[in-house]
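Both of the next two complexes hold chain A, though its partner changes from chain B to chain C.
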Partner chain A sequence: MAGLALRHIEKTFGRTRVLHDVSLEAGEGEFVVLLGPSGCGKSTLLRIIAGLEPQTHGSVHIGGQCVDTLPPPDRDIAMVFQHYALYPHLTVRENLAFGLKMRQEPKPVIEQRLAETAALLEIHDLLDRKPRELSGGQQQRVAMGRAIVRKPQLFLFDEPLSNLDARLRASMRVELKKLHQRLGTTMVYVTHDQAEAMTLGHTIAVMNHGRIQQIGRPDQIYHEPGNPFVAGFIGNPPMNLFEGSYRLHQRELEFRVGDLTLKVPFQVHDPAGTDAGTATLGVRPEDVTFDPPGSRHVAVAGTIDVIENLGGDSVVYLIVEGQPLVTRTSPVLRQHAGDSVTAYMKKIHLFINENRVPLPSS
Partner chain B sequence: MRENDAMTPSTRDHATGWLMIFPALTFVAVFSLYPAMDSFLLSLYSEFPGSERSFIGFGNYAELFRDPVAHQALIVTLGFVLLSTTLELLLGTGIALVIHERFKGRGWTRAAVLIPWAIPTVVAAQMWRFLLNDQYGAVNAILFGDQVDAYVPWLADPWMAFGAIVLADVWKTSSFAGLLILAGLQVIPDETYDAARIDGATAWQRFWHITFPLLKPALLTALLFRTIDAFRVFDLVFVMTQGGPGDATQVIQFYGYKTLFTEGRVGYGTTISVTVFVALAIFSLFYVRTVGSKLLQREPA
Partner chain C sequence: MTKPLRPALLSGILLAVLGSLCPFLWFVLTSFKSQIQVEAIPPTWWPDGSVGFYASALIEHRLLHYIRNSVIVAGATTVIALVVATPTAYALARLRMAGKAWILGGLLCVAMFPHIVIAGPVWQILERLGGLNTHWGLVLPYVSLTLPLAVWILTTFFQELPFELEEAARIDGCTGWQALYRILLPLAAPGLFTTAILTFIYAWNEFFFALLILTDPEHQTLPVGIALFQGEFTMPWGEIAATSVIATLPLIIIVLLFQRGIISGLSAGAVKG
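The block that comes next holds the complex of A and B.
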């Protein structure tokens, strides 16, 4: 039984099409993250699920029921907004109770739900304050409380942590994960922050230009990105991506970009069937090492441009035959800028015609 | 140089500061302060043109306090303030809600709504006088057509004349109130309404529980402007009714004008003006102290 199903959602604003044939399923209790850069249509999709925005085509199913004709309050959802959208003239208590009052729940029920929610989020002390008397983190809690108190079938989060400072964001992320574990309700979470997506999501749907680029578990998205966009969007520092030409040989693939030639020791089945053409080759910074790995690899000689020491590890910017190559190594590197080094690429991603070409794992 | 030295204004800075505000101060002193003070002094004399002025202290004020015509004028004025301000705020809220919505031609509608407000009051008053004329007025023509016998002399009836003044004022300034209220509406974020929709609030509940409370500061600002403005009403009465019929539309400012310029009682006429001035000053101060300070406490959105 699906918690949420989106079937072929299309959305146009005037002549601009912002969503193209978006289909997505979320199981009961699943945490789905819509991840993408700003303007990719993820927030619009969330508003369509909420019923705040009608879709142009396609249908939305919540709890197995088609909700296309239902207004927001009848969809049994709750939403947490980016700017919290607390009612500024009401106290925290009144903010939490607002939805229940509008639904004319009996007073004892409201009182009980309020007490439960306040206990869950530890916001007893804030109940009689106005939103403007709260810190950003406290407002965030109240905004979540307002969603939780209604006990909806589906939670929608629209970049809820993006207005918090980095430290608070990290701790709220953990709390949000705990919250989901305790409530077990289906959640759809919109963000442009890959760390939030990777840590919170059971499933990540990466979006760009109004299309779903890839749907998968976080480790799938990370280890087997389906196209260069997903490959470049996930990971910090981002994956090194080279656009160049390839030629298939007997037991290896030759890839050229500028003056750099890489001989990848894998037998590759060319989906284009031409044995030559243009391709994108990617390698994650953490898959580049300075010690020869035991497995198959591609070695390149370069010079160190800049070293960023992050304490536990360092990010090293290399220049290899005129091409920039970023690596992330641990422990901290002994060499200095200007030194010549040999780097080893352990795992290589290859994309032909924007699609991933599987290479035998090393 | 330490930073503190730079922060503390020196004597020279003070001198420069005074020099900077000197032109503005002069302007205010010559054109506002001096006339106000002189009016007050004038109100302490019993004076007719050509006669000798004699100092009578607060004699004029004592007379005003007992003057039945002044009482009548005050009642007419307060009635006008109450009725026109209420109608203007109601209508202004309606206008603001409409032109806040997104629809085709909203820009033109917004501009069109403001046209009455842009017309000089004297011109608008003259126009209303024509419209309501008992023989060739458009209102009579539209209502009764060829039945000339049925034509109503609108401005000759005490209640209808009063209604006409209120109508002209409401027609002219509702859009101004609407503009102030629109500014208040635009400050309310869309997300707040989205949240209320998801919380299950109906359109009416969203207005009553979200829009109205959040609109209060704008409504109070509009109320202040309109109250002060309505209390000072003069030109509409001057053009449309000259205070008549009888004293039915004689507002306090018009009474002051008539006393001073028609009857030539300079001292007494000035006393009426000064009294209105002081009453409005007290009202404004009270408003700024109570409501205004609350507004300022609000955090910037």
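The block that comes next holds the complex of A and C.
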């Protein structure tokens, strides 16, 4: 039984269409991340799942049941908001109990759930405080507690960690992962942070301009991005993307961008059926090395523009025939700006007509 | 704030406070004088502390009767204005609808009409409805005159409350109305207090419509009552001063009481971020 299924969701505000034919499935207990830049429609999609916003077309199924006509309280969901949305005039205890009280749960049940949740999140000491007396991280815990205490069928998270500082965010990320492992409930998590998406998600749905760009496991999204947008969005520093023209020869592909010509020694089947045209070529910074790797690679000669030493590794900005090329190498590179170097591209991504063309990797 | 500025600012504040307090102080002093002191030329500054004017205001001029009328009219106006303005402001602040700006602008225009312009129509309408010389006949125009301001203040307050709170309440199982009175109203309490105070003060002080609509002393409110104190041959300044002190006291007490509510409400942090 599917935890959540979205079928052909469309949403328009006035004349602006913010979601185009979005379909998505999440299995029972799966952790799905909606990832995309701000304004891509991911939060709107989450609000549609919650029932806070009606969709223009399409249908939402939770636990196998169509919930299109159900108001938010009847959808058996809980949501954690970006700004926590704790009720400021109620204590933590009252905040946690509010949803159960509204559902007229008997008092002993409320007490028991409160105790369980407080134990799980280690917030016993905070129960009698008001939200304004809590730190950001504590407010975050209470906000999660308010969702957990209800034992819903589906959790919705709307950028819940974006208001925390970097260190706290990292530790809450780990806690969230533990929490999911312990509860085993289906979760949908909206974020623009690729690190959160990669570490938390079983499945990532990358969105842009109201469309799902790619759905896949984190490693699939990283290693086999379906289009240049996904390729450029995931990875830090982002993938080097070159827009240029290609020509197919017998055993190799020749790619030109400005003065730079790359001879890619991989056999390529041109999906368009032509043997020349425009294409986007991508290479991840971590797939560029300064030592010759195995047999199949593309070597380029360039000069070092800037070196950023990060301790364990370094990010090197090269200029190759007038084109910028970012590399990330480990260990730290012992060379200086202005030096001439040869760099080797181990793995290349090719996109023709915005679609990935599979290349056998070395 | 730089040091040399402070004395200048402080003296400015003192001047403003003294300036506004002066008339009030004068009639407080007058109310405790005797008739001889009131009429003395040159005027005497310090009263001899007699409470004769208070006694005569209370007994001869039926002060309590006017106070009762004013409490009924101002109280009813405040309650009705709040009950109508709250859902209106909530809708204006929250719902997506066309012409919101026009509605708010229209309200503001209505509030700007000089009272004298609408006096005739109001009198005629009330005459037809049988509202002349009744309390509700005065409450009705008071409510419509105070509503624009009340709606404006409350709309601003509701707009400042984060939308996420309501959505959280919806997901926790509230209907729209439940979210309004369980979550939003407690948080908008400072706005409700402010609106209530302003409405009450307006209705308590209003003179023009009260004079127009209430010709029968049975229903007259305090301001009208005070104005009609004047006898055939004398101006009872002492009684007027005593009554004015009594008329002002409830306002001061109310403001001081509600001020606490306002401050504690404002200091409640709603949402981080």
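One rule holds in what follows: the second predicted complex is superposed on the first by the 361 of 362 C-alpha atoms of A that agree within 3 Å, B and C clash if a C-alpha of one lies under 4 Å from a C-alpha of the other, contacts with A are read in each partner's own complex, and residues count from 1 in each chain.
One rule holds for everything that comes next: a residue touches a chain if its C-beta (ideal position, glycine included) is under 8 Å from a C-beta of that chain, and two chains touch if they have at least 3 such contacts.
Computed from a predicted model, the values in this text were never measured in an experiment.
Asks: For the overlay on chain A, clash or fit between chain B and chain C?
Replies: clash
Asks: Between chain B and chain C, whom does A:Met198 touch in the aligned arrangement: first, second, both, or neither?
Replies: After superposition on chain A, A:Met198 lies in contact with neither partner.
Asks: Would you check which partner chain A:Leu281 touches, where first means chain B only, second means chain C only, and both and neither mean what they say?
Replies: A:Leu281: touches no partner chain.
Asks: Kindly classify A:Ile77 by the partners it touches after superposition: chain B alone (first), chain C alone (second), both, or neither?
Replies: both
Asks: Given the touch rule stated above, what does A:Asn163 touch, chain B (first), chain C (second), both, or neither?
Replies: Only chain C; A:Asn163 stays clear of chain B.
Asks: What is the contact status of A:Arg103 with respect to chain B (first) and chain C (second): first, second, both, or neither?
Replies: It touches chain B and chain C both.
Asks: After the superposition on A, what does A:Ala85 contact: first (chain B), second (chain C), both or neither?
Replies: both
Asks: Given the superposition on chain A, which partner contacts more residues in chain A: chain B or chain C?
Replies: Chain A has more residues touched by C than by the other partner.
Asks: Which partner does A:Gln139 contact after superposing on A: first (chain B), second (chain C), both, neither?
Replies: second
Asks: Which chain A residues lie in the overlap of the chain B contact set and the chain C contact set?
Replies: Touching chain B in the first complex and chain C in the second, residues 47, 50, 52, 71-73, 77-79, 81-83, 85-89, 98-99, 102-103, 132, 146, 150 of chain A appear in both lists.
Asks: Under the stated contact criterion, what part of chain B meets chain A in this complex?
Replies: Within the complex, chain B contacts chain A at residues 189, 191-192, 194-202, 205, 209-210, 213-214, 299.
Asks: Applying the document's contact rule, which stretches of chain A touch chain C when the two form their complex?
Replies: Residue positions touching the partner: 47, 50, 52, 71-73, 77-79, 81-89, 98-99, 102-103, 130-132, 136, 139, 146, 150, 163.
Asks: What residues of chain A sit close enough to touch chain B in their complex?
Replies: These residues of chain A touch chain B: 47, 50, 52, 71-73, 77-79, 81-83, 85-89, 98-99, 102-103, 132, 146, 150.
Asks: Any idea which chain C residues touch chain A in the complex?
Replies: 162, 164-165, 167-174, 178, 183, 186-187, 268-273
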